[in-house]
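Heads up, the next two complexes both have subunit A, just with different partners, subunit B and then subunit C.
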Partner chain A sequence: MMNIKKNHLYSLITVVLLMIFLYWLNANRMQNGMLVSVLQKGVILALVAVSMNLLNGFTGLFSLGQAGFMSIGAYTTAILLIPVQNLDGVYYMNGVHPAIRAFKMMVAQSPEFIQIVFPFIALLLGGLLAAFAAAIVGVAVLRLKSDYLAIATLGLSEIVRAIFSSPQFDQITNGSYGLNKIPNFPPMLWGAIPSLITPFIVVAICIVVMVLLINSSYGRAFKAIREDEIAAEAMGINLFKHKSMSFIISSFFSAVAGGLLAMYMRSIEAKTFSITLTYDILLIVVIGGIGSVTGSVLSAFLVTAAKEWWLRFFDQPLFIGSFEVPLFRTGFRMVIFSILLMIVVLIYRRGIMGTNEFSWDRIIGRLKRKNKEEGGRT
Partner chain B sequence: MSDILLKTEHITMQFGGVVAVDDLNIEIPKDKITALIGPNGAGKTTAFNVITGGYQPTNGRVSFSDMVIGENYPRSKMKKLYNGTYKKAFEHQVINTPDKITRLGMARTFQNIRLFKDLSVFENVLIAKHCHIKAGLFSSTFRINKQEEAQMHQDTEALLERVGLLDSRNEKSSSLPYGKQRRLEIARALATGPKLLLLDEPAAGMNPKETEELSQFIIEIKDSFNLTIFLIEHHMNLVMEVSDTIYVLDYGKTIARGTPAEVQNDPAVIRAYLGVDEA
Partner chain C sequence: MSMTTILQHGLTGISLGGAYALIAIGYTLVYGILRLINFAHGDIFMMAGYFMIFSLASFPWPVAIVVTLLVTTVMGIGIERMAYKPLRSAPRMSIMISAIGVSYLLQNLSTYLFTAIPRGYPEIPFLKRIYQMGELSASFVTILTPVLTIVLVVILMILVNKTKTGMAMRAVSKDFETAKLMGININRVISVTFAIGSLLAGVGSILYFTDRMSVTPFSGTLPGLKCFVAAVFGGIGNIPGAVVGGFFIGIVETLLVALGYSTFSDAFTFFLLIVMLLVRPTGLFGEKTVEKV
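Entry: the complex of A and B
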C-alpha cells in the first residue's frame, strides 16, 4: 500500500516537472524552434502509435489502415477549421461547396464560447467519423486474419486517400491541391494552457483513456484474442464484437491524431497520408515494442527526433580542412537512420520495451542493484 | 426439467466425403461423469467441436438443458454428398457460436493445451470471468464498475486457491509445469461458471501418478462445483475409475454404451481396440 502511494507521488512529480518544462519551452519557444516542433510531432505520432498498438499489439489484429483513418480525422478537422475569410484563398481553383461556407458563417456568428471549444469539437467529429467508417468497414474486413487483414486495411487506406484527392470531391476536399491555412493549435482553458502545450494535453488524455481501456476487463479480453482466438472464443468472448470494438477505438484515436497533425502542419494534402506514413508508425510501434504503450510513446519521440533533428548533421556538406567528405549530402541522414534502425532491431529483438510497461518499481529496483554493485566494489 | 443435461440426436459430421461422426446419439445425465472413448481418429474431438459450436453438424440436433443449441440438415452441396443415415429428420437450422454456448453454461478444455501463453496464471482465469461482465465498455474503462471488478478478482483468487494454483498466480502460464497447465486450463473453464464441463483428453501426456491425481481432482471439482462432466480420454484407468457411463466410438459410429464393466466386456469394443482374431 505504502509502495503504491510512493509511486503515485513519483508520477505526480514527473508530471509537474514535465508541465514546468513545457511552460519554460513556451516562454523560450523562439530559441528552441526545432525542439518544439520535434516534440509536437513526436507526441502526435505517439498517439497514433499507441492506437496502432492497441490494435496490433493488444488485440493481435495486424492492421495497416492507420493513415487512412488519420486522413479522415485530418480532413474533417481541416475543413471545419479553415477560417471563413480564407476559404476563397484555399479553394481558389474549384470554389467551395456552399454548404461548407454556410456552416462556417454560422460558426463565425455563434457565441464566443462555442468558437473557443470549436476546434476540440472538430477533433472529436473527425474521430467519430473515422470510428463510424471503421464500424462499417470492420464488418467486412475483420473476418480476415493476419496478413490478409493487413492487405485489406492497407487497400482501404489507399481508397480513402484516393477519394479525398478525387476531382469529384474538389469542392469539399479541394482535390489534389490539398488544404492549407489551417489554424494552429488552439489554447485551452481560456489561455491558461497556451496553444503550444495543447497537443500534449490532448494526447495525454487520449493515451490515458487507452491505458485505462487496456487494463480493464475488455482490455484483458483483447489480449486473450491476441493470445489464442479459439481459446478466447471458448471462454465466452465474442470475437467479432471485441475485434470491432478495438478497431473502432483505434480508428477514433488515430483520427484525433490526424486532426492534430493537420493543426501542426497547417496544410495537408492527400499525399501526406500515403502508405509511407503507416509504415513510419509501424516502425515506431515495432521499435518501441509490440504490446507496450510506454514503448510506443518513447520510440515515437526517439524516431522523430532522430529523423528530423539529430541526424540533420549528415545532410550538410562536411569539410575536414579543405577536404570535402563524400556522401555528406541531402538524404544521407536516411541512410544513417536505416543503419541505426537495423542495429536497434538486432539488439532489441522485441523492441525497446518488449511487452513491458514503464514502472517505478523496476527503475528503483535497477538503481538499487547498481548502488549495491558499486558498494560491493569499494 | 429432465435429468438429461445434454442430448445429441443423430449427429452426423461430414467433411467432403469423409464421415467423421455418424449418427451420434448421446445423453448426458445431470451430475454424472460420462466418457467418450475410442481409437485414434474415431471422431471424438469432432463430436466435442460439434457440441461446443466449433463446427456445425451436417445433420442432427444438439440440445442443452432442454434448449436446442445447434441443429442442421444437409443443404446445398451436402445434399448430394451426404451419405449418413436419418436424412429427412431435421428441417431447421440453429447456429450458435462457441462464445454464446459458453455463456449458456458449457465450458471446455482442449486436447493440446490452449492457454493464453504470455499472460499470467491469474489473468488467464480472470479473462474467463469476462464473459459474464455486466458493465459496458465505457463504465469498465472508467472504472465505474469497481465493485464488479473487485468481485471478479476475488472470485478468481478463490478459484485459484481451490485448485491449488494460488502460489503461482503471477507466473507466466507457459512457464508452469505440464500438469499444472492442465489444471489451469480446467480452472479457466470453471471460471466461466459452467453447468457442463467438457474435458478433451485431460490426462494426455501424464504419467501414472499425475493421472491418479487428476482423477481425484475431477471427482473433487465435480462435487464442489455441482458439475456434470463429459470427457474424452485414452487412459483407461482414469476412464474406468471416474465415469458412470461410457460411449465407445469407432470410425465415427457408436459401437457400445454402458457402465465401465459392461463396456470392458463388450466384444465390439475389444474388436475395435485389439483387432479381430484371425483364427
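Entry: the complex of A and C
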C-alpha cells in the first residue's frame, strides 16, 4: 500500500518536473529551436506509435494502415483550420469548394469562444471521421488474418492517399498540390498553456486514455485475442466486437496525431502519408518493444532525435586533421539507422522494453540490487 | 476510343503485365514456402535496375545482362541468409518486420549510393527497335516481354514438377515440418526459392525499366506491392495464378491510365486485393486450406 502511494508521488514529481522543463523550453525557445522541433515531432509520433501498438502489440492485429488514418486526420484538420483569408492563396490552381468557404466564413463570424476551441474541435472531427472510416472498412478487413490483414490495410491507406491526391477532389484537398498555410498549434486554457506545449498536453491526454483502456476489462480482452483467438472466443469474448473496437480507437488516435502533424508541419501533401510513414512508425514500435506503451513513447523520442538531430553529422563530410573520413555524405545517416534497426530486429528482438512497462518498483529494485552488490564486494 | 488505340494500350498492358508476372512469381514462391510476404522483393527488383545501369556502363550488353542477373540472384540469397534465416523459429510477425526492415535498408542504401535523383536507364538498342504491325507500333521489348514471360514460366513449371529440387520445393510448401523430417535440406530449398525469385525479378526489372527509362530508390515499392496483389489474385503459392494475376493487373492498370484515371490506377490494385480477399481469399486458382486448431 505504502509502495503504491510512493510510486504515485514519484510519478507526480516527474510530471511536475517535465512541466517545468516545458515552460523553461517555452521561455528559451529561440536558443533551442532544434530541441523544440524534435520534441514536438517526437511526441506526435509517440501518439501514433502507441495507437499502432494498441492494435499490433495488444490486440495482435498486424495493421499497416496508420498513414492512411493519419492523412484523414491531417486533411480534415488542415481544411478546417486554413484561415479564410488564405484560401485563395492555397487553392490558387483550382479554386476552393464554395461549401468550405461558406463554412469558414461562418466560423470566422462565430463567437470568440468557439473560435478558441475550434482547432480542438477540428482535431476531434478528424479523429471521428477516421474512426467512422475504420468502422466501415473494419467490417470487411478484420475478417482477414495476420499478413493478409497487413497488406489489406496497407492497400487501404494507399487508396485513401489516391483519393486525396486525385484531381476529382481538387476543390477540397487541392489534389497533388497539397495544403499549406495551416496555422500552428493553438494555445490552451486562454494562454495559460502556451502553444508550444499544446501538443504535449493533447498527446498526454490521448495516451492516458489508451492506457486506461488497455488496463480495463476491454484491454484484457484485447490481450486474450492476441494470445489465442480461439481460446478467447471460447471464453466468451466477442472477437469481432473487440477487434473492431481496437481498430476504431487506434484509427481515431492516429488521426488526432495526423491533425497535430499537420499543425506541426504547416503544410501537407498526399505524399507525406505514403507507405514510408507507416514503416517509420512500425520501426518506432518495434524498437520500443511490441506491446509496451512506455517503450513506444521512449523510442518515438529516441528515434526522432537520432534521425533528425544526433545522427545528422553522418550526413556531413567529416575531417580528422586534413584526412577526410570516407562514407560521410548525404544519406549515410539513414543507412546507419536502417542497420541499427536490422540489429534490433535480428538480435535484440524485444526492443527497448519488450512487453514490460516502465515502473518505479523495477528501477528502485535495480538500484537497490546494485547497492547491495557493491556492499557485498567491499 | 478507336479500336487501334485500345489495341495499342492493350499491347502496352500485356507488356507491363509480363513484367509484373515475373515479379509476382517471386512473391508466390516465397510465400508458398515460408508463409512470408517478402516486402524486400520490390526493392530487389529496384536494385536490379541499378545493377543493370552500372554493368552496362562497363560491359557489352550480353555480358551486362548476365552480370546483373547473377548479382541480383546472389543478393536475394544473401538477404534470405542474413535477415530471414535467423528468424526461422520466430513468430511470423517478426519475419515480416524483418522483411520490412530489409526493404527500408535497401531503399536507404540505394538513396545513399545512387542519390534519390532518377537515373536514366540505358537503352539496349535491339530491345528498343520499333516494329510496325498495320496501324500498331511497338518496340521489340513490348513484344518480347510476354513471350519471354511465358517461356520462363514453362521452364519453371517443368523445374517444379519434374526435377528433384522441384519436388522438394513442393514438399516444403505442403508441410514444412514433415518435409524436414523426411530428410529434405530445408535451407537449400529456401535458398533455391529465393534464387529463382530474384532471378525472375532481375529479368522483370530489365524488361520493366527498358520501357520506363529511369530508376529511383523508390521505384520498386509500388510495383512490388502490386505484384504481391497479383500473386494473391491468382492464388498465393500457385505459379500460373501469379502469371494470370500479373497480366490482369498490368492490363487493367494501363487501361485506367489511358482513360485518364491515373491517380486511381494504384488504388484499383488494392481495391481488387481487398475484394478478392473477402470474396475468394484463396485466389483464382488457390487450393482451399482448412483452418487447423
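By our rule, the second predicted complex is superposed on the first by the 373 of 378 C-alpha atoms of A that agree within 3 Å, B and C clash if a C-alpha of one lies under 4 Å from a C-alpha of the other, contacts with A are read in each partner's own complex, and residues count from 1 in each chain.
Rule of thumb we're sticking to: contacts are C-beta pairs under 8 Å (C-beta built on N, C-alpha and C of every residue); 3 or more make two chains touch, one makes a residue touch a chain.
Computed from a predicted model, the values in this text were never measured in an experiment.
Chemist: By the touch definition at the top of the document, which applies to A:I363: first (subunit B), second (subunit C), both, or neither?
Modeler: A:I363 sits against neither subunit B nor subunit C.
Chemist: After the superposition on A, what does A:V16 contact: first (subunit B), second (subunit C), both or neither?
Modeler: Touch partners of A:V16: none, neither subunit B nor subunit C.
Chemist: Taking the superposition on A as described, I'd like to know which of subunit B and subunit C A:S216 touches: first, second, both or neither.
Modeler: It touches subunit B, and subunit C stays clear.
Chemist: Looking at the overlay, what does A:V286 touch: subunit B (first), subunit C (second), both, or neither?
Modeler: It touches subunit C, and subunit B stays clear.
Chemist: Pick one for A:M106: touches subunit B only (first), subunit C only (second), both, or neither.
Modeler: A:M106 contacts neither subunit B nor subunit C.
Chemist: Touch test for A:L239: subunit B only (first), subunit C only (second), both, or neither?
Modeler: In the superposition, A:L239 contacts subunit B only.
Chemist: Would you mind checking which one, subunit B or subunit C, touches more residues on subunit A?
Modeler: The partner making contact with more of subunit A's residues is C.
Chemist: So, does A:I230 touch the first partner subunit B, the second partner subunit C, both, or neither?
Modeler: A:I230: touches subunit B and subunit C.
Chemist: May I ask you to decide whether A:I163 touches subunit B, subunit C, both, or neither, giving the answer as first, second, both or neither?
Modeler: In the superposition, A:I163 contacts subunit C only.
Chemist: With the touch criterion stated at the top, can you tell me which subunit A residues are shared between the subunit B interface and the subunit C interface?
Modeler: Residues 230, which sit in both footprints.
Chemist: Which residues of subunit C touch subunit A in their complex?
Modeler: Result: residues 35-37, 82-83, 86-87, 90, 92-94, 96-98, 100-105, 108-109, 111-113, 115, 221, 225, 228-229, 232, 263-264, 266-267, 269-271, 273-274, 277-278, 281, 293 of subunit C touch subunit A.
Chemist: For the complex, give me every residue of subunit B touching subunit A.
Modeler: Within the complex, subunit B touches subunit A at residues 52, 54, 97-100, 102-103, 107-108, 110, 114-119, 123, 126-133, 135, 137, 140-143, 149, 152, 188-189, 192.
Chemist: Sort out for me which residues of subunit A touch subunit C in the complex.
Modeler: 56, 62, 140-141, 143-144, 146-148, 150-152, 154-156, 158-159, 162-163, 165-167, 230, 275, 279, 282-283, 286, 290, 329-332, 334-335, 337-339, 341-342, 345-346, 349
Chemist: Which residues of subunit A touch subunit B in their complex?
Modeler: 209, 212-213, 216-218, 220-221, 223-224, 227-228, 230-239, 245, 355
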